[in-house]
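Chain lettering (A, B and C) follows the sequence in which the chains are written, and residue indices restart at 1 in each chain.
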Amino acid sequence: MSHHIVEVQNLSYTYADGTKAVDGISFLIHHGESVAVVGANGAGKSTLLLHLNGYLTPQKGKVRIGDFPLTKKTIKDIRKTVGMVFQNSDDQLFMPTVYDDVAFGPLNLGLPAEEVEQRVLEALSRTNSEHLKDRPPYKLSGGEKRAVAIATVLAMSPDILVMDEPTSNLDPRARRSLIDLLSGFHHTKIIATHDLDMVLDLCERTIVILDGKIMADGPTLEIFQNTDLLVTCHLEKPLRMQPCPVLKPKVLK
Amino acid sequence: MAKIDTAFFDLSKLEEMANNDTVIHRIDPRIKVLVASMFVICVVSFHKYTISAILPFGLFLIIVMGLAEIPAFFLLKKIVLVSPFAIMVGIFNPLFDQQPIMVLGAITITGGWVSFVSILLRFGLCVGAVLVLIASTGFNTICLAMVKLGMPKIFAVQLLMLYRYIFVLIEEGLRMYQAMTLRTFHGRAIAMKTYMHLAGQLLLRTLDRAQRIHLAMLCRGFDGNIRIRQSLRMARLDIFFLAACFAILLLMRCYNIPAMFGRLITGIT
Amino acid sequence: MHMADALLSPAVGGTMWVATAGTIFYCSKKVKQDLDDRKIPLMGVLGAFIFAAQMINFTIPATGSSGHLGGGLLLAILLGPYAAFLTIASVLVVQALFFADGGLLALGCNIFNLGVFPCFIAYPFIYKPIAGTNPTPLRIGIGATLGAIIGLQLGAAGVVLQTVASGISELPLSAFISVMLPIHLAIGLVEGLVTAAVVSFIWKSRPELLDLTAAARPLGDISLTKVIATLGVVTVITGGALSWFASSSPDGLEWSMFKVSGHEELEAPEKGIHHTLAVLQEKTSFLPDYGFKAGEPEAEGLVETASWPAVDSGTTTSGLVGGLMTLALALSIGLLFRKRSKTA
């Protein structure tokens, strides 16, 4: 419990059709760290994330979560430790009401009824969505869905949060409140995303991936200032770090 | 079968009505399922030439509908628009059954016409009963009630999952359909070949989605068993409602009430 | 081709309900034993897929009419018969509840007609043997098309038999069946072609998906003898129940519970002096069974009208007046509620 470490050693994964999605990746994430995994579409981010909660088992190399190496035997414990928030909330919210959905995990843990209820209400209040309790998921807005999806994960009380594109398809206000919400969490966070502005707000460290390989791993600000690296990896400087295109010409005058 | 966009509207509209809070909405769903079943059984058990004795059932339905604050026009529209199979089959009755059974002045009414009207009545009442049930209860609650009444849990899970993803898939199907009709220029329906491709694509996406949902379930400790929260409580009022409804329905089934009233008024015995 | 409550007698509807509920229980047990928990989300979304895909219509070449995807066989190919049956049943339940396709009592018939035939006849005995263990696009195409046609023919025959046995519609068996079967032959052909195309599409683009569903459980464990035996038992029970109802209820297929509860005795006094109980019983005792109806219209018409008090003008008038009053009352209550909801 004392060291929620995510350790990936020389991990490789090739799909049945021969696509090498992950190719010799290694990194170490410490307790409480907030790390962004960025890269172009198809760079291997999703495949990497699928290894962290044991959906895929390593073909080559090692994955270690906390005290457990990832094997078939430890999958259950690892899934309790790692909470995964999916890119599409509709895939994550499959029960008839929000309450049922948040209760799904705790019920599977075999907790007594009172504790299930307590966990559900706590998770909902931490994501400011108590009022959605009895609503069916398809009636929620994109932002509400995302908040509830996070609540379903929090109800499992994980130590590590893994998120795939948490800000995709959100309107600016929903995006902002999500960022505020996440910055309040003290979990170890691993976020795969294209939203580099969010990375500036949330993650002190960034790992850049291209074609299944790590291109850079270091402090976020340092990496985002390396324009050449970003261009090679199909990325772009976060807007906040770019000179303003509207004001710039006027200033030059 | 409804068209995809109207289907989406209807589903949401009925679900919205189910979220109301009226006397009828508050009744235990098991009771409502039982009463609706009893209603249908009573109506269909009438003889095929029965018309007048069925009418009180319409009154019963209208009262329940009113108490549940379900807009009559919406219901009527749905009943009229619904699958025409019964009417298509029923319309042959006047053709095959030309036995005169009633003479009104110069008009002779044959058994076929009477039984056809009876079919129309039955049709409206049975369809109406189902719609009132769903609009005053909601799908998920009906599923819970059915589990309590003995439906296998795995089938209940299937119904709940299906209902959850109907909205997602109709939206997805609608988007693909719109994208296609934007580039089709002859009418609503699309060509069969295009349809095959569309259905194939949608199916492929659906299969992928199933994989992702399964993953999401596994991430939260899914072990093949879905636990449904069951919190239905039968109050004394519910039992009373059940008893009252059954009594009324049986009464209406056994006595031809309109005929009795009619005799009372006209004085003919 | 949804069966409707309005055409059903309680005996036929009830029997089909029992048969369908039994199949649902059996399949639920089988799916649970299957232990493939991937199927739970898969069944759910595939049901939703069938639902959505059926709402998009397409034009059938050279006819101008429109068709849609048939569900049963496609689901059986993707899920295996047991899970497919539960899935198609769930789709029909939702259609019955929200679109009132048929109604509550007819649900038993509809699930039986559109579920049992494709999943337990067309799939194991037509599609499977033709597609074989090493399917080619041609084998898949022929198997799916034939399977869909035969499944739908059986379903249409089911609708005809249930309607005729119920005796509410006057359509004679021969006329009805000679209309229904050719129509559904055409529909089945179209549905079959679409099913074949969709299955080949999946097979070409993602063969592992079909392998996955097909290999998860050997699907050949349905034996023809078992199915025939089960269907035989169902037929005997249905036939037995029907004839019991037919013989125990004097006027056609009236539901016998009301007889037991004394319905005739209750209704008899209302018919007043014109019809004493004795006369009624005497009249109804030689009522021909529903099977002979077409043959003896004269005798039957007279007696059958007995339960609708129309033979003498007195009761007809009071029936009409009372009926009109009930209608007026219903209308005014309806208007009252409408007013109230408007002001509220």
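General remarks:
Here is the rule we use: a residue touches a chain if its C-beta (ideal position, glycine included) is under 8 Å from a C-beta of that chain, and two chains touch if they have at least 3 such contacts.
Here the structure is a predicted model, which is why all the values come from computation and not from measurement.
The central chain here, found by comparing per-chain C-alpha centres with the mean of all protein C-alpha atoms, is B.
Taking the mean of C-alpha positions as each chain's centre, the chain lying farthest from the centre of chain B is A. In whole angstrom, the spacing between the mean C-alpha positions of chain B and chain C is 15. Mean C-alpha positions place chain A and chain B at a centre distance of 43 Å. For the pair chain A and chain C, the distance between mean C-alpha positions equals 49 Å. Across the assembly, chain C contributes 41, 44 as residues in contact with two or more other chains.
The multi-chain contact residues of chain B, meaning those touching 2 or more other chains, are 160-161, 163-165, 168, 209, 213, 217, 222-223, 226.
The residues of chain A that reach two or more other chains are 94, listed in rising order. Those residues of chain C that touch chain B in the shared complex are 1-10, 13, 24-25, 28-29, 31-32, 35, 37-38, 40-49, 51-61, 66-69, 86-87, 89-91, 93-105, 163, 167-172, 176, 190, 193-194, 197-198, 201-202, 205-206, 209, 251-252, 254-255, 257-258, 261, 263, 266-267, 270, 272-273, 297-298, 301, 304-305, 307-311, 314-323, 325-327, 329-330, 333-334, 336-338, 340-341. Against chain A, the residues of chain B that register as touching in their complex are 15, 140, 143, 160-161, 163-165, 167-168, 209, 212-213, 215-223, 226-229. Contacts from chain A toward chain B in the complex involve residues 50, 53, 55, 76, 79-80, 82-84, 86, 88, 90-92, 94-97, 99-100, 103-105, 107-109, 136-138, 152-153, 156.
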